[in-house]
Amino acid sequence: MSTDALVLDDVTLTYGSATAVFGLSLTVGAGEAVGILGRNGAGKTTTLRGILGSGVRRKGSIRYFGEEIGGMRADQVARKGIGWVPDDRRIYTTLTVRENLLLASRERSGPAKEAVDEAVAAVPLVEKLLPRKGVQLSGGEQQAVAIARAVVGRPKVLLLDEPAEGLAPIIVESLQQSVIELSRSGMTILIAEQNLNFVLGATQRVCVLDSGREVLTCSSEEFGNSPELQNQHLAISLENHGKRR
Amino acid sequence: MNEGNVKTRVDEDNPSSPAAEGLAPSSGASAWWARAGRNRLVPHAVLAIVLIVLVPSLLTGSNLALATTAVIYGLFALSALVLFGWVGLGSFGQAAFFGTGAYTAAMLKDHQLNPLIVILIGAFVAMLLALVVAILAGNSSGIQFAMLTLVLGEVLHQLLFTFRDVFHGDDGIFGITAQPLFGMNLFDQKNFWWYSAGVAAVFALVLYGIHRSQLGKTFTAVRDDPVKAAALGTSVRVARTAAFMISGFVGGIAGVLYSQQQTGAAPGLVSTVMSGSVIFMVFIGGTSNMWGPFVGALVYTYLTTRLFQGSNTSTIWIGLLLLVVVVLVRGGIMGLVERGVRLLKQRVTTARSAS
Amino acid sequence: MVELLNAIVSGLALAMPLFLAASGLTLIYGVMRVINFAHGGFFMVGAYVATSALRGQVHGFWAFIGAVILAGIVVAIFSAACEEIIFRWLDPSEHMLSLLASYALSLIIAGGAVQIWGAAAKTQPAPPLLAGSWSFGGVVLAQNDVFMIIMGLLLAAGLWALLNQTSFGKQATAVAGDPVMAEALGIRVRWVAIGVFAAGGLLAGMAGGLASPQYSIAPGLDQLFVLQSFAVIILGGFGSIGGAFGASLLLGLLESILATYAPSLSGYGFYVAMAIVLMLRPQGLAIAFRPRRAPQPEVSA
Amino acid sequence: MTLLETHGMSKAYNGVPALVDATAAFDSGQVTALIGPNGAGKTTFFGTLAGEHRATAGSIEFDGHDITKWDADRRARAGIARTFQVARQFSSLSVLENLLLSYQAGQGQWWRPWRTFLPRTVPSYIHELAEVTRLDNLLGRTAGTLPQGDRKRLELAMSLAQDPRVLLLDEPTAGMTDEDCVVTVDVLKDVMTRSPDLCLILTAHDMSVVFALAHRILLMGQGQILLDGTPEEVAGHELARTTYLGAS
Amino acid sequence: ACGSSSGGSGSSGDSSGKITLGMLAPLTGTFAQAGVDMSDGAKIAVKQINASGGVNGQKISLDIRDDGSDATKTSQATRDLASAGHKLIMGAYTSTECLAVKSLIASSGSVYVAPTCVSGDLTGGPGQKGADRVYRTGLRSAGDQPVDKSIPKIMNELAPGTKTWDYFGYDYSYGHEQSATFKANLSSLPGSPKLGSNVFIPLTSQNFRPYVSKLATAVESDPTGRGLFLGTYGVGTGSFLQQASSFNFLSKYKMIWTTGDPWDVFTALKGKFPTVWNQYDYVWAAYDNPTNNAFVKDFKKAYGHMPGANAAESFNAVMAYAAAIKKAGSTDPQKVSDALAGLTFKSTQGTTTIDATTHQANNNAVLSKLQGDPSSPDGIKILRTVIVQPKDASYKDGSNSTTNSINKGQ
């Protein structure tokens, strides 16, 4: 039981009075890479925020290697070993990239310098950016730094929110490679992403959300091979669209 | 009138969020249109007129004087709302406009002008000052803006002392004797109420119109995202300057009325304390509509001159109350009222759909 | 010449308590984005606590220092409590809210101080070691001034070290930049917030204690440095400790020189300087210490 | 016909060059895609064209006017519309109000205090626009509560509502589902047929979008325009492969 | 501008047979101490009057409003008192507020007695008509007063040979009046001393460091002998003395002359202040008469310390109102006002008469030489008092703390 990295059980997530995710249950095994798919507004970002406990109200149980974290503050959750790449990057603009990475390194995770080197190895684009300030980065560069920063903390579970957005194709490719490697090295990874190819290549399993509810969980391979499934769950058929809200 | 809210926290009380919609059955495709388009001018105007007519017969003596002060402060608070609520510039020097109006009226005391003319002159001078402030401060925003306006207000305050001969420093200028208006003796409390409440109502109405206008919507746009607003072709500078001048004009009117009521002007009117108080009125009342400033002014005036009067514990209580409002009652009293109304409506609709 | 030197000395003497009062303000702003109007109240409480501890009697230097530290600690606890009770509930991006809340708090402190310590003015004599002055050919140097200058430098250095050399400083930097992300990186944002408020309160309280022999300790003392402190953090760049130090010096000297050579201007030459700086360089003289986001590309419209 | 032209345009942030000596001409009726690795200077190029910041050197000419020193709002009024890489909208206004505001601003009607903002009837143009961008069901929503993908569409619709002559789209499809991308591409194609004189310049990291729309591609790298040619030419070029496209 | 100007309804006395006086005082802010003293003093008068059966069979009470030492707040409170029917108004601490009250008196149909304000504008000068319904029981200080004219002369006699005087006072009407009068009268003295530095600081400011060192250098480098006219009062004086103390130059002045209520400031300094001469209208030890002795005794008993001038002045204002109401036989504002004009009543200076034309009371000025004395309960030792007659500025020694019968009796 406790070998599962994350177990979400009937989790409901709300912003103020607005509910964005309804009764979601999801299990992610240790070392597994799972993709979260869904249309705009389906609740992908909200799910990741919910696991972390940042900016959204949670109901239901979230267990992390058997330990209940559903009531913890985000910083407690993060210290347990969950890393997060937010969709809006949130780079510290007045700090250099190196300082950004150092902030994320925790004493527990070993010498800071090594951790930084490791992260740079995982996201090579970052290397030449190290001395630059956060403001001096383009959108894609910030994205890369955000990923590297999450890796620096040596998380056991990594939450990636649209990691490929805004990255040049060539970088996306290498990022996919890095994610696969991190996963192989035992890190549990959860990716919310629109870029289907990226997700399918990097994960073993996908979970599809629609309007805050889980509608399908299957292996990435199966999903990738079935245009019907993709069509049914990701396409915005017009009649569907009309009823959406 | 719902558009005046300061950047509402989108996550709260959003009636059209998925959940809220889950509760209340969507009232059809026209709902959004009705929400955005309905002109609620008539009921508001009727309410205002009823109040203006009723108040003098309900209140007498000190209470009527207090109500008059509250209305004047309300107009002043409305001028702060224009800058703060409409274009998102939280000024901590709003008293400069108020004080300018008041001092202008005080300095005209020996000229025996028609009070309405004095109002126009005072408002105009305050508007000119607003133009200057807009030129000086219009480029900043946020905390810099708040501080810069605070400083400019403070400089104006200092000028009253530096030019003692003109402004009489700490002593202020007292002894305004309001001239009769259309044969109406303004020394009479009731007459003064009609005069000041009438003026306030007229200008509140004008502001209501402006807020619903193209310029009004541009204000909101500039407040929400100035960069985007500029990218659409609206001039942020022009919009902010316009808001400043409107704010200055209205603040000046309030100042003139105030000095006519108090028969003079003193440096306290231009002080940071005054600027702070008016922001409190705005916050207590709520920024979601134009009644807010008036409600806030009434509550504030009542609290400070009545409820906690006559002992040195008053500041503690006022402070505590304001804290509670700021920390707990987001959206002020009108916000509470609106939330209550919305809840009630929701109850009613759910009850109806259930039966 | 002697006049100028004297003006410079008294400018420094003015600058130091100002810096001590403003540094806490700028620290709290820099990290928590709260412009604390009640900071003057904290200062006043510090002065009252020190005076009460010494009972207004003459005491030795170390007793005085002890009282100052006590004042700092009391106010630090109070300040931390304020953050826990009030400021944590306010959205820091809505600076108006925190400005107003702290303004309300300042009213409560002003009223509360009268309840606790009464309306009657108190005075605290300086310890004998700081009571005298030296004169060098007409240039008068009060021992207390020298002491304040040393304290100012010490505190500036201490603050700099706290922010730049400690892990607390690093965490504060992160919280200042983006509290949401800081939390997601595992930083105990609540502790940092409380710590920063406590540190700000400590500075204000100690400033009040240190200044207590110089003033009538009475209602209204809270207003003493409020506007000037604002001037300092504006001039120095919001949140910059070094900037605050420089701005305090600048304003102290300006005030003193104006008071000496153009007394009629001394009231507001100060503010004009501030307004000019703000208009030409809104970010202040120093490079700001961690703004929240990238400075939004403002329209130059 | 050339509508927009830059001559040796450069932009440095605090002395750090982000755009170097960019010279290019854009014709009306043409769709140009700007591609290049992250940090190549695409957004900077847009920002300089739209007037968000001033060029540090060089000049910009639009429709025969030298607009180098014009402010952003003036350029917008002249007909240069843009979207932002991270979508921006007026978060407290409803979607409809956002659209109407853009529309009226595009018509130069944004400053009159005596004209009510809400017209009696919504211009049919706005209705159509909302329909094709699939915003018609969201018109009453407060823009601040929209998810990222919807915001992107709203921003696109807003820029179209301005009825521009030059349209600068910075990653219009970023964060959209594949399906939405297709729709967006269709919308843009539709726009090009309706207003054949529009000069459309866009950036995207999604090559399917680029190839579906662009008549011409500029490859940027390190602040410079490295290649300028038809999609086929650029895609086939070695430089594009090694610096940007990769193996795929 | 509103408020009916009719003297009408029996305003201040309501049916329950109670007379309420409206009182303004700064209970908060920099001058809170003065406000507390003022209300303390007034309360003693009320207690004494009620203990002896009230006025015309009615008890008196006070409705005290905080004016925060702010003209705006004062106006509002005044208007509020008047509209609440409390039209017999007294109080307000500094001249700024008193003038603001004055301007509302006519329109609100009230009467006003100013106890502590000294500005000339409040009442008429010699032979001038005072404003309608505005009276002063306290001291008037303006250029046309014999007292003011003679102050430099008295100073010169007490500290002969002072060549230069430095003035340091507040930046408002009273400060400017005081300094101008002083300057004008200096030149008429033998040796025509001059005014050295002439500094005005804002009413609530307490940061005097640059001025202090300027004065210090001036006095150190001036062998001819200087005097200091310290026109500040309240916490300003306290802060000035604190900041000056480390420069050790105050003792080099031939004379330090202060104004305003000396008691609260010098009590706060706990005996640590240089010997000064104070000029104002009350020091408890200066008078030895039944009214004052009873007042001092009751005050000391109630509050544990000696009364200062602010307390005594407010006491006198209540006494004046009580006498006027008695004389008028009514609380009607107009009648009370008429009674106040020309009224003679028992006060701390024995008896006081309010001039029917100028509306100014014939209040003595009291000069006192004060020395710090940590061993005395209030920290002050009164070395000498001098009473100056307002009419001709003739002066004679009053009693002092050792000769006063209150003390002797104890």
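Letters A, B, C, D and E mark the chains in the order given here, with residues in each chain numbered from 1 onward.
The rule is simple: a contact is a pair of C-beta atoms (placed from the backbone, for glycine too) under 8 Å apart; a residue touches a chain by one contact, two chains touch by 3 or more.
The chain lineup, named per UniProt: A, D = Branched-chain amino acid transport system ATP-binding protein; B = Branched-chain amino acid transport system permease protein.
This is a predicted model, so every value here is computed, not measured.
Averaging Cα atoms per chain gives one point for each, and the point farthest from that of subunit C is the centre of D. Greatest Cα centroid separation from subunit A: this falls to E.
Between subunit A and subunit B the centroid-to-centroid distance comes to 46 Å (mean Cα coordinates, whole Å). For this pair, subunit A with subunit D, the centres built from the Cα atoms lie 29 Å apart. Between the Cα centres of subunit D and subunit E there is a gap of 75 Å.
Centre-to-centre separation between subunit C and subunit E, using Cα means, comes to 36 Å. Among the residues of subunit C, those touching two or more other chains are numbered 110-111, 114, 119, 267, 297, 299, 301. Each of residues 27-28, 32, 35-36, 202 in subunit E touches at least two other chains.
Shown for subunit B are the residues in touch with two or more other chains, namely 7, 9, 11, 14, 17, 161, 227, 229-230, 235-236, 238, 312, 314-315.
By the touch criterion stated above, subunit A contacts subunit C in their complex at residues 52, 54-55, 73-75, 78-79, 84, 86, 90, 92-95, 102-104, 106, 134-135, 149, 153. The residues of subunit E lying in touch with subunit C in their complex are 27-33, 35-36, 199-200, 202, 204, 206-207, 209-214, 216-217, 220-221, 234-236, 238-239, 242-243, 245-248, 264-265, 267-270, 272. Residues 61-66, 68-69, 161, 164, 168-172, 174-178, 186-193, 260-264, 266-269, 273-274, 305-306, 309-312, 314-315 of subunit B touch subunit E in their complex. Every residue of subunit E that touches subunit B in the complex is listed here, in rising order: 1-5, 27-28, 32, 35-36, 63-66, 70-73, 75-77, 79-80, 82-85, 95-96, 99-100, 102-104, 107, 119, 171-173, 176, 202-203.
Considering their complex, residues 18, 39-41, 45, 87-88, 125, 135-141, 143-144, 162, 165-174, 194, 196, 234-236, 241-242, 244-245 of subunit A touch subunit D.
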